[in-house]
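As structure tokens, here come the structures.
Each of the two complexes below includes chain A, the first together with chain B, the second together with chain C.
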Partner chain A sequence: MNTKKKGFFYHLYKYRVFLLMLLPGVAYTLLFYYYPMTGIVLAFKKYTYAGGIWGSKWNGLTNFKFFFKSGQAWRVIRNTVLYNLLFICVGTVFQIAVAVFLTEIKSRTFRKVSQSFMFLPHFISWVIVGVMAFNIFSSDYGILNRLIEALGGNKIPFYTTPSAWPGILLFFNIWKGIGYGSVMYLAAIMGVDTEIYESAAIDGANVFQRIIHVTIPSIMPTVVILFLLSIGGIFRGNFDMFYNLVGSNGLLYGYTDVIDTLAFRALISSNDFGMSSAIGFMQSVMCFITVILANKLVSLYDRDYTLF
Partner chain B sequence: MKTSLRKLIALVLSALMCLSLLSACTAPAGTADTEPAKESADAGEEGEKEAEAEPESELEPETVTMYLLGTKGDNFDEAYDKINEILKKKINTTVNVEWISWGEGNKYSLLFSGGEDFEMIFTASQWGNYETTVALGGFAELTEEMLQTYAPDVWEQWPADAWTQAKINGKIYMIPANYVEVNQDVVAIRGDLMKKYGYDDINSYDQLLEFYEDCMNDGVYGNSVGAGSIYWLMFEHLGMYAVGGTPCGGQMVLYNCKDPKDLSFTYVLDWEPFVEYCHKMKELADGGCWPNDVLNTTSERQDGLVSGRGATMVWNAGSCQMYANPTNAEHPDWEINLYNIMPECKYRATRYINGGVGFNAASKKLERALMVYNEFATNPEIQNLAQLGIEGVNWIDVGDGTYKSTGNDFGGGSYWGWRNMNIMLKTFYEDPTPVDEKVMALDKYFKENLYESHILDSFTFNPEAVATQVAAVDAVQSTYFDPLINGLVDDVDATIEEFKEALDYAGMQDILDELQRQIDEFAAANQ
Partner chain C sequence: MSTKTNVRIVRSNKITGADVITLNILAYAFCSIIALLCLVPFVMVVSGSLSSEKAIVENGFSILPQDFSTEAYKTVFKDPIVVIRAYATTIILTVVGTGLGLVLQTMTAYVLTRKTFTWRRYFSFFFYFTMLFSGGLVPTFVLYTNTLKLSNTYFALLLPLIFSVYNLLVMKSYIQGIPESLIDAAKIDGCGEFRTLFQIVMPLVKPALATVGLFIALAYWNDWNHAMLYIKDSKMYPLQYFLYQQVNNIEGYKKLIASNMVSSEVISAVSLPTQTLKLALTVVVTGPIVLAFPLIQRYFVQGITIGAVKG
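For the complex of A and B:
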């Protein structure tokens, strides 16, 4: 009976050290994730400097109109989702492959060096990547076209050939994310009980069989959780990447325009805070719904794999 | 021992991380609130001390913060110390200058939305955020009474046109600089190539296109950065000009500036010369008059000419001169000079509102800021310090209202907001090159042949009522417009048709209707 009475304050006191350790994280989350969320109201307001976030007048759903009026809403939503699915699926496969290979490499030095090299692109900003891409694909000085010419072929005008871009964007996305993304899987593989490998070896499994029957199944929960987390951003185009690689080249938009680049073009000259918030809000809602649905689907398969 | 050392290091590091986290939480809010206040307090104390010594001004000491666009020049602080000495004596005020560099344009609107404490900021119609800031209520309205009281010299000296141009919905929100120039685009052309293809002179738009064809056939880029600037020459040589404030930088809606009575506007997609132009550009682009990746290039207008990849550059005379002179010095055989391809035309002066100063609506020191502007704009001493730097160090007065550089240029002193033609010194050319001579001749020619002003010169479209449509049109236009005017589309006619449909869907007609309404209203008010 007494234990029941030891309520909130008792536990607060009992776990004070842990709670204190938790405090910075909670403060950080509240301050930088929850407090800014109140700014959502801007999506429904006609923003003025004098009124600010709270004092500006409400204007209903007007801020959302421009996106659909542009006539390109369907195209950019489709592009955003397809690109993200492509990046997530292909990216995951490559990242797992890299993680598996790295763990199988026996030479410690070689493993460390190759991992560092794969990690490096993560630190290069998309602005630089954009410049690098131009120097690879441009028609006059591009390395690739120079090479094709030297080998006797005809130059490929990449910047006027939209269909080449899904491949180019995928390549740079994989290249930039592979080292960073594989770290999670590496950690997961390290967590696998080595006894399982030993017994598999005793049973006569070779390296490939060990990978397929031990490593991959063991890291599956991690894979699913990371997949679900990425699904949470499926309606957000990576603006840095698309804008820096494609720039304002209208010829390529059919294949490369995503929600974020469209919103940027539409609003950069008018500085309209309300309309920008409206787009951000819309993306958040769509992402939220997708994540809930995906999580539900996963739970039908195996409850242990879900996020919540 | 080793482990305890490690533990110690880990402890110290985690403590540091926590600290930096906490400071990151508090720093932005803290600095924004306290720093300006502290500065003004400091300045205030200084001011009081000096005010006792200098009884000339009876005003309370005050610090005024002014934002400029660009980057600080070398002797900037020294020059502004001198300016502050003068201001202190006359109006007991210190000016504190802050900068927004060219790369961080977004900061402009953040200053207002973030409630930054400042009084004045450089502004300009369109490229300097004037209209957008007014639409969001960022600038204080300046009444005639206020201007007469606190900036009397400016009010007296500035021409009526300047104020008309600054009006939005009948109200003034900026003080434009008293400065107009003819920024007519000219073409800098390689003399050696002209000789090679048999040209003595290039003096018409059609001749320029012929020259481009010759370059193309010779395997030289006519203009290595594409046709964006040639498009402007096309409609300007036909006597048309962009209607200010309309989408796409005004490039899609033109008015006839040859005829002051003609208040109609032309939507380029329905305009035959536009279609012809797009076809011509496709011919040139297909032939290799510019690289097919121009839409992605980061090259600037001058890059092709300077590097030798292109035969021409198109820009105003001053900018062409700035690049032609050093390039000629490096490659004397190129013989670059400037050519006016529309000699039979009349020329337009820039609008006064192409540069000016806006005043923060949230500032409580508006009166003092106006007084400061009055000094910058009408006191020759301050005007020279802000534009040229310190006399004797950066420049020398050579009489006749001209100055000579000492070779140690002041540079980077953003002074465009308060330029005053009546008191500014002009450049003295000691040993003019052929390019310098051409620039002086062109400048004289342009100024002698200014056209009678058109009522729409001063008009700026206010997109507020059709904001949704403007955003939609902006989202659509870059998909088609730039590829079209650079001749990079497969089928010109089909693309124009598609473009039209996309714009109609986005609400272009609403924008044009609203434009007509505003023009009628503006004409009625200004006739």
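For the complex of A and C:
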């Protein structure tokens, strides 16, 4: 016991410079990440500004009762999970397709230029995507409705048609992430041993067989790992996207409200700290469980890629 | 990324049978369509901003400008001070945040990669754990507004983005690539840890500094929701939230412009453009990032391949 204690202080002294260098990062993380973790107790309290996190009174499960009675709990959880599954699955397919096709293209200029265009949406904020969405889908001025009318169809009032939104949101999600997402798969394809391609060619495989039997299986580890890691965040809705594309258009909430947007509205619009923190508590717990599970699955698949 | 080896293999494939031609047609068509779809919304915004308000109201938006007009830009720059103020706020926040963030992240990543520091595992877990569990919106909001009383201060915009564990991981991967012997040599020559970090390690990881620096800078540049949560004073709005406010409250913005006009040239606020004004503002806000884009793209590509899996 004595030697162990001595060892601790010995190390404390020996590592003093390292610890000094870590201090700002550790202090920041304690204050802005760990301290708010203790704030999840607010889910069981009636928040008052004067009381803050610790001085506010306990009120048991009242906040949760409100959340579930509001009838929105099931809706936002379902929307969040389904949207994330849709984005992950369809997005992955598109990103892989882009990566595979790009590597098959011989013109270096074409590859570079098209890849740059695909990367462009990653660099703008969702506020700007919101403006672009209005340009395309607005009933009065939108280019899509002009096109529909020119083809002799009837205008579709997208901003009052909830069922159109899974498609619209999927489009913009893929649109914004395709350049960024395909980079990982491009790198994986570049890493494939070229001898395998040569032997496939010698064995008489045509290019499609080569893609299906060599390229795709070779990048499967990357695909599986990225898939599992994104499954870890399945209870986290992309607030920026949903808020900027849908905003406070209540008509669409049935199809577009996710956990994050509801928590935000409860906090800012109705100042309902109790319900918002109940939603946040549930989300934090569900996220924690899914991240641990996803990480476990990744470690079964390939130990090198686990988070910890 | 070296793309050359694979391409050469594909090229050396002398068999140019029907399958190769079909694949090429498919690949060019698919990539062209996706690339164009990515570009068209940008073109539409620019075209719309250069159209006359009348044409937009009558015909709606289009891919090319209709009835070319710079009226919308003239309106934006009638009262340029609001735009300039938002620009200045964002530029200062981005520069300060990126600078401080880089030092903070590099310093932390450096210590976490030192093999002589046997406690590094505990500290690594301390940082990683924040990726698993978070307090969520309300506790963070209470921390900023109530505990620290940072509402309506620039700290509420600076602090949230200055340090991220994801960037820490990217930085760590880069620093791990430096041969241990180089750092040992510096130690033998009598360098302290700070000197090793700033004079040996940092010059060796310049690409990492560029990549992580750009990740941080982009996060600051595109940040809007922290302003929505914490800033009430419209004079303090950063660029993106300024745009968000004006686009969603364009009538208010028009009144603001009209109120600042000299009485002799007062036009009623109603006659100012609406749709084209939104788009001109969007172009003014987005312009720099799109222009800088060709220069910064490759650093992003590097950073993603290094960091994405561990993220």
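The criterion applied here is as follows: the second predicted complex is superposed on the first by the 209 of 308 C-alpha atoms of A that agree within 3 Å, B and C clash if a C-alpha of one lies under 4 Å from a C-alpha of the other, contacts with A are read in each partner's own complex, and residues count from 1 in each chain.
Here, contacts are C-beta pairs under 8 Å (C-beta built on N, C-alpha and C of every residue); 3 or more make two chains touch, one makes a residue touch a chain.
In this text, all values refer to a predicted model and were calculated from it rather than measured experimentally.
Q: Identify the partner contact of A:Asp140: answer first if only chain B is touched, second if only chain C is, both if each is, neither if none is.
A: Both partners.
Q: Regarding the shared-chain residue A:Leu85, is it in contact with chain B (first), chain C (second), both, or neither?
A: Neither partner.
Q: Identify the partner contact of A:Tyr253: answer first if only chain B is touched, second if only chain C is, both if each is, neither if none is.
A: The answer is first: A:Tyr253 touches chain B but not chain C.
Q: Taking the superposition as given, does A:Phe208 touch the first partner, chain B, the second, chain C, both, or neither?
A: A:Phe208: touches chain C, not chain B.
Q: Identify the partner contact of A:Phe117: answer first if only chain B is touched, second if only chain C is, both if each is, neither if none is.
A: second
Q: Kindly classify A:Glu104 by the partners it touches after superposition: chain B alone (first), chain C alone (second), both, or neither?
A: A:Glu104: touches chain C, not chain B.
Q: Go through the superposed model and pick first if A:Phe66 touches only chain B, second if only chain C, both, or neither.
A: first
Q: Applying the document's definition of touch, where does A:Tyr47 land relative to chain B and chain C: first, second, both, or neither?
A: both
Q: Looking only at chain A, is it chain B or chain C that touches more of its residues?
A: More residues of chain A are touched by C.
Q: In the overlaid three-chain picture, which partner chain does A:Leu297 touch, first (chain B) or second (chain C), both, or neither?
A: neither
Q: Taking the two structures together, which residues of chain A meet both chain B and chain C?
A: Common to the two interfaces on chain A: residues 24, 28, 31, 47, 49, 52, 131, 138, 140, 247, 263, 267-268, 273.
Q: Of all residues in chain A, which touch chain B in the complex?
A: 24, 27-28, 31, 47-52, 62, 65-67, 69-72, 131, 134, 137-140, 157-160, 246-251, 253, 257, 262-263, 265-273, 275
Q: Give the list of chain A residues in touch with chain C in this complex.
A: Against chain C, the touching part of chain A is residues 11, 15, 17-18, 21-22, 24-26, 28-29, 31-40, 42, 47, 49, 52-53, 94, 97-98, 101-106, 108, 110-111, 113-132, 135-136, 138, 140-143, 145-146, 175, 178-180, 183-184, 186-187, 189-190, 192, 194, 197-198, 201, 206-208, 211, 222, 225-226, 229, 239-240, 243-244, 247, 260, 263-264, 267-268, 273, 276-277, 280-281, 283-284, 287-288, 291-292, 305, 307-308.
Q: Taking the complex as given, what residues does chain B use to touch chain A?
A: Against chain A, the touching part of chain B is residues 18, 21-22, 25, 109, 112-113, 115, 129, 132-133, 135-138, 291-293, 295-298, 309, 361-362, 463, 467-472, 474-476, 478-483, 488-489, 502, 505-507.
Q: In their shared complex, at which residues does chain C touch chain A?
A: Residue positions touching the partner: 1-3, 5-7, 9-11, 13, 15, 17, 19-20, 22-24, 26-28, 30-32, 34-39, 41-42, 44-45, 48, 56-57, 59-63, 104-105, 107-108, 110-111, 114, 117-119, 123-143, 146-147, 159-160, 162-163, 168, 192-194, 197, 218, 221-225, 228-229, 240-241, 243-244, 247-248, 275, 278-279, 282, 285-286, 289-290, 293-294, 297, 300-301, 304-305, 308-311.
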